[in-house]
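Just below sit the structures, each encoded as structure tokens.
Two complexes are shown next, each including chain A; its partner changes from chain B in the first to chain C in the second.
This part shows the complex of A and B:
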């Protein structure tokens, strides 16, 4: 049963990845400029070089063979060279992605930490003042554009009060060697250089971007948890449990919450794709050296191989994250495996 | 480890707010907010001011330098030098105690010798030098001032003596050797890289003799240098020097305010008031040898027509631009040279704002209907043009008055310069900041024919008469005589208008007030070797 479900998901994943690579491949033809430069990132190659590259990338063959060669290169990790820096695109993405991921994971953790309890409280105090407060706060957080929120926080906390730094992952004078490229992990792996101050400084730098990025998913989770809890609290078995004489705490913790959290878990995974998009904006504002800022810089510099690589990496990641979310959802909720149609 | 983690968390939660600032002090470093990525780590291959600021004086030394106050030559790597009577040979005597950088990627076994000097200059013009064609064999400064045509050969006399033999005596030769571009590289390092067949790394992983040595570079992010413990000139107070690459001008100011930067390059004039209010930030202002101009691509019709260039020059209200862009922190240009140069002559026939006359000129040139053109505006703020975008918009609206529609074009800075070098533009707002006080520095690198070939002549203007004037001025060492030629050259620029001189800017620099010993020079890049924190 589970195996069949997995197979279904996997074929869908393959199809998605196929569509994605076809799209990325066709970008080579759709971008302005020389086809050869767009694919390889070599600017103005000499005649011999270009002949060699054409051979290597099989550009003299039909479009289908070209596509196969393209997929082969992607799999091998040869994503071409960046037009503006001349460095391999894949290497840059590997270096930068952890920074984005790190930010997203912390933001998501914060969203779960505040969103789910917030939603529970709102549902338990249905139609009373705590729900009203939480509802209006979450509506506010939901409607505030995050670039505006980010600038506001910078104005108040960085420029006004001077409490937080406004850019980067860590004070530039701290030298932390990149091992995993996750900054906090790197500091821990190097057993807290600078007497632990580097760690404190990294947390300091994380604070504002995380708050900004967590704002949207937190509000979504609050509303989702609240609605789902209210649904469950309406069910007959809750009434039975109450009739049995369970107190409110037992009722919520043992009966309502477990069932109400199922759709929320799925939602947490789905939030990841939104998060990646929002992370790009956050990265630009806080000069966070992640893949989002890099991608936006590449667009500004018309760096086609980099745009292509960035798009491929980010969308591949979003697809994977969604798949994982669905998969974990089915693990917790066997009923959903029987759904006849998969949805992405 | 867990205790340490807990401790760290506790300090954080207790609101140890100044932690980051105190510890930055503790780590004894300096953060400089730079406005662009460096294009290379070898000053020989670029003239980009933002790059020179980052690399030249920090990583390298030159044979001699020019004292900014007295304008006299000062010994650096060379203790003294001798010019032969004919002026065609210059002998340099080198210091014997200069060590190259010890880094993770190279450890020198010997100190600086004549071989290194010979190698460094041979690379520029000797096609048999193994490094001449590394990169794209472009040495824009030297090619544009014609140094590659001037030096017959560089001879090693003994281990610490080098003789430059020239084809003819040229008055600006010594001052060209004193620029930030004429650095001394390590031949041993070059040989090492050639042996392992990695010559391409030579300009990316620098080995010099300067006060700091290269540690690492993350594009769009930072450049880290460490102190050179064996610096020959003086002890270096700072343990490390970090360049925070912040392309946005407002972000640089904000980082000054949050103390993330200690020094900021080129704060914009509009934001100076914010910085002036702070007691912990010092804003230095110094006159600077530079020129901001509007250059036309004179090889491209209709800009090959003098009438059209004249019409364009007369259609723009430069007084208004001075108000809106420079905020009184610049002086309007009355010639191509800035007034502080000794060869300066104010021009009587500078184009004045007169749209009627401009329209008349256009009709004369056969463009009653006007035409459309591109106007390239540089994306960064430089001394000679703090806000090219705004200037471009003002010019655009003025041009509309005489029926010309201008499209403003912007690119990322290094791409921008590259494309200008390929003469893709119709007209461009750009400028030049001098590297030496010698007036030739304003002419040869910008408007000579050789500069056209090396892609440094934004007007794409090659005029043999003008070149002859420059050569004549260089052939003599008599200052009065040179003045005469440079006066003629300035007149010619205004008559022919390959470019319209707009303004000379003041150099600004915002520094945290506890940082000492950084001085602003009227020419060349910034030097941070002596910087210290009180």
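This part shows the complex of A and C:
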């Protein structure tokens, strides 16, 4: 049963990866500029070089062979060279992606920490003032343009009060060797004097970007949790439980919450796509050295291999995150295993 | 919810007027609707009612603060920027670009979404499965990234941004319309209709679409609020509208270097964006509440 489900998901995953690579490959032809430099990232190669590259990437063959060569190259980790810096794209992504991931994970953690309890409180006090307050706040948070929010926070906390630094991941005083590229982990891993101070400094740098990035997913989770709770609270088994004489607390803790939080688990995983979009803007404003800012920079510089690499890495990550969320959802909720069959 | 209604007055009004009556009783949503209408009017009439031209420079009035400030000048109600251009006129004209173009983008998205979504909804078997998986993949590409790729292909510019946003928004709206159609097709009255011998076209036009069009309006408001935010975000990243254009996000980006000297030039476009998105969301939320209430009674 579970095995069959896994098999079906796996084939879906393969299909998605296949289509994604086809899309990325076709971008080589759609982007302006020469095909050869779009694929390899070599600008103005000599005649011999270009002949060699054409041989290597099999560009003289049919389109199908070209695609196979492209996939082989991607699997081997040769993602071409960046047009602007000449660095291998893959290495750059490996270096930059953890910074974005770090930001997203903390923001998501914050969103879960505030969003789910917020939604639960709103549904428990349905049609009373706590719900109204939470609803209005979440609507405000839902509507605020993220770059404007970031600028307002910078105006108040950095320029006005001077509480938080404006840009970067850590102060220039501290030199942290990249081991895992997750800054907090790196600081813990390598013990150097003033470790505690460096940690606090990194936290200071993280504070504003995390708050800005967490704003939107928090409001989404609040609304989703509240709706899901309200749905469950109207079910008949809740009425039965109430008729049995359970008090509100027991009702919500033991009966409503377990069922209401199931779809929320799935929703948390689905946030990654939006989070990456928002992270791109946040990183530009706070000069966060992540993959989002790198992508925006590469479009300013018409760095096509970098855009392709970024697309591939980010989308793969989002697909995997969604799969993982769906999988954990089915682990907790056996009912949903059969639903997906045939009707999607 | 109420099991007994003491005053059994029969209401025979049309669904639309009942919807309006319920919507009216939700005051925040009503205010949102008025602001929405005002912004739409402004988007159409801005070039005629703005006090100054958008690129008209006043050499004697550089970086004037808003008129309520003691250094302000009543000629320029919201102050001027570093080139002596009237902020109020620029912001009013910005409504045409940010709000007006967002409405166009959202309309096109909804239209294509409805056509493709119904098609996806009525198709079955392999075709439906393939379509859905293709949609899932486009959904897994973050929307801004997709827009950026489309801009990389087409080149930056305001009109290309609109195309990019339409393409980036489409998958999720096709998805929602498809879900609506499938949900409606599974209901008993459609089966009865089908047993009566209705053709596919009749089922769609007489059965499904009249029952989901309010939901489509909700989807439209969602598309609109996302479109406003995306157009502004791309303008802010300098990938959309280019500086002399008075798109709100582009104005914000242009004045970013003045944030310390003249905070109003950065703050005010953001306030307008916020109001535009908020009013759209208020209308959408109000509609959604009414529709939810209708299901209950």
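Note that in this section the second predicted complex is superposed on the first by the 335 of 344 C-alpha atoms of A that agree within 3 Å, B and C clash if a C-alpha of one lies under 4 Å from a C-alpha of the other, contacts with A are read in each partner's own complex, and residues count from 1 in each chain.
Simple rule for what comes next: a contact is a pair of C-beta atoms (placed from the backbone, for glycine too) under 8 Å apart; a residue touches a chain by one contact, two chains touch by 3 or more.
Because the structure is a prediction, the values reported are computed rather than measured.
Trainee: Return first, second, both or neither, reflecting whether A:12 touches chain B, chain C, both chains, or no partner chain.
Mentor: Only chain C is touched by A:12; chain B is not.
Trainee: Classify the contacts of A:287 with the two partner chains as first (chain B alone), second (chain C alone), both, or neither.
Mentor: The answer is first: A:287 touches chain B but not chain C.
Trainee: If you stack the two complexes on chain A, which partner ends up touching A:251: first (chain B), second (chain C), both, or neither?
Mentor: It touches nothing on chain B or chain C.
Trainee: Considering only touches as defined above, state whether A:200 meets chain B (first), chain C (second), both or neither.
Mentor: In the superposed model, A:200 contacts chain B only, not chain C.
Trainee: For A:301, is the partner it touches chain B (first), chain C (second), both, or none of the two (neither)?
Mentor: Touch partner of A:301: chain B, not chain C.
Trainee: May I ask you to decide whether A:159 touches chain B, chain C, both, or neither, giving the answer as first, second, both or neither?
Mentor: In the superposition, A:159 contacts both chain B and chain C.
Trainee: Would you sort A:174 into first (chain B), second (chain C), both or neither based on which partner it touches?
Mentor: In the superposition, A:174 contacts chain B only.
Trainee: Quick one: chain B or chain C, who's touching more of chain A?
Mentor: Of chain B and chain C, the partner in contact with more residues of chain A is C.
Trainee: Let me test your reading of the model: by the given contact rule, A:85 touches which partner, first (chain B), second (chain C), both or neither?
Mentor: A:85 contacts chain B only, not chain C.
Trainee: Shared contact residues on chain A for chain B and chain C?
Mentor: 154, 159, 300, 302
Trainee: Quick one: which bits of chain A touch chain C in the complex? Just the residue numbers, please.
Mentor: Going by the criterion above, the answer is residues 12, 15-16, 19-20, 23, 27, 30-32, 139-140, 142-148, 151-152, 154-155, 159, 273-274, 276-277, 280-281, 284, 295-296, 299-300, 302, 304, 307, 310-311, 314-315, 318-319, 322, 343-344.
Trainee: Which of the residues in chain B end up touching chain A in this complex?
Mentor: Interface residues on chain B, with respect to chain A: 1, 4-5, 7-8, 11-12, 16-17, 19-20, 23-24, 26-27, 29, 31, 215, 218-222, 224, 240, 242, 244, 246, 251, 254-255, 257-260, 411-412, 414-415.
Trainee: Provide the residue numbers of chain A that touch chain B in the complex, in ascending order.
Mentor: For chain A paired with chain B, touching residues are 84-85, 87, 154, 158-159, 162-163, 165-168, 171-175, 188, 191-192, 194, 196-197, 199-201, 203-204, 287, 289, 293-294, 297, 300-302.
Trainee: Which of the residues in chain C end up touching chain A in this complex?
Mentor: Residues of chain C touching chain A: 128-129, 132-134, 136-137, 139-145, 148-149, 151-153, 155, 182, 225, 229, 232-233, 236-239, 249, 252, 256, 259-260, 263, 266-267, 269-270, 273-274, 277-278, 280-282, 285.
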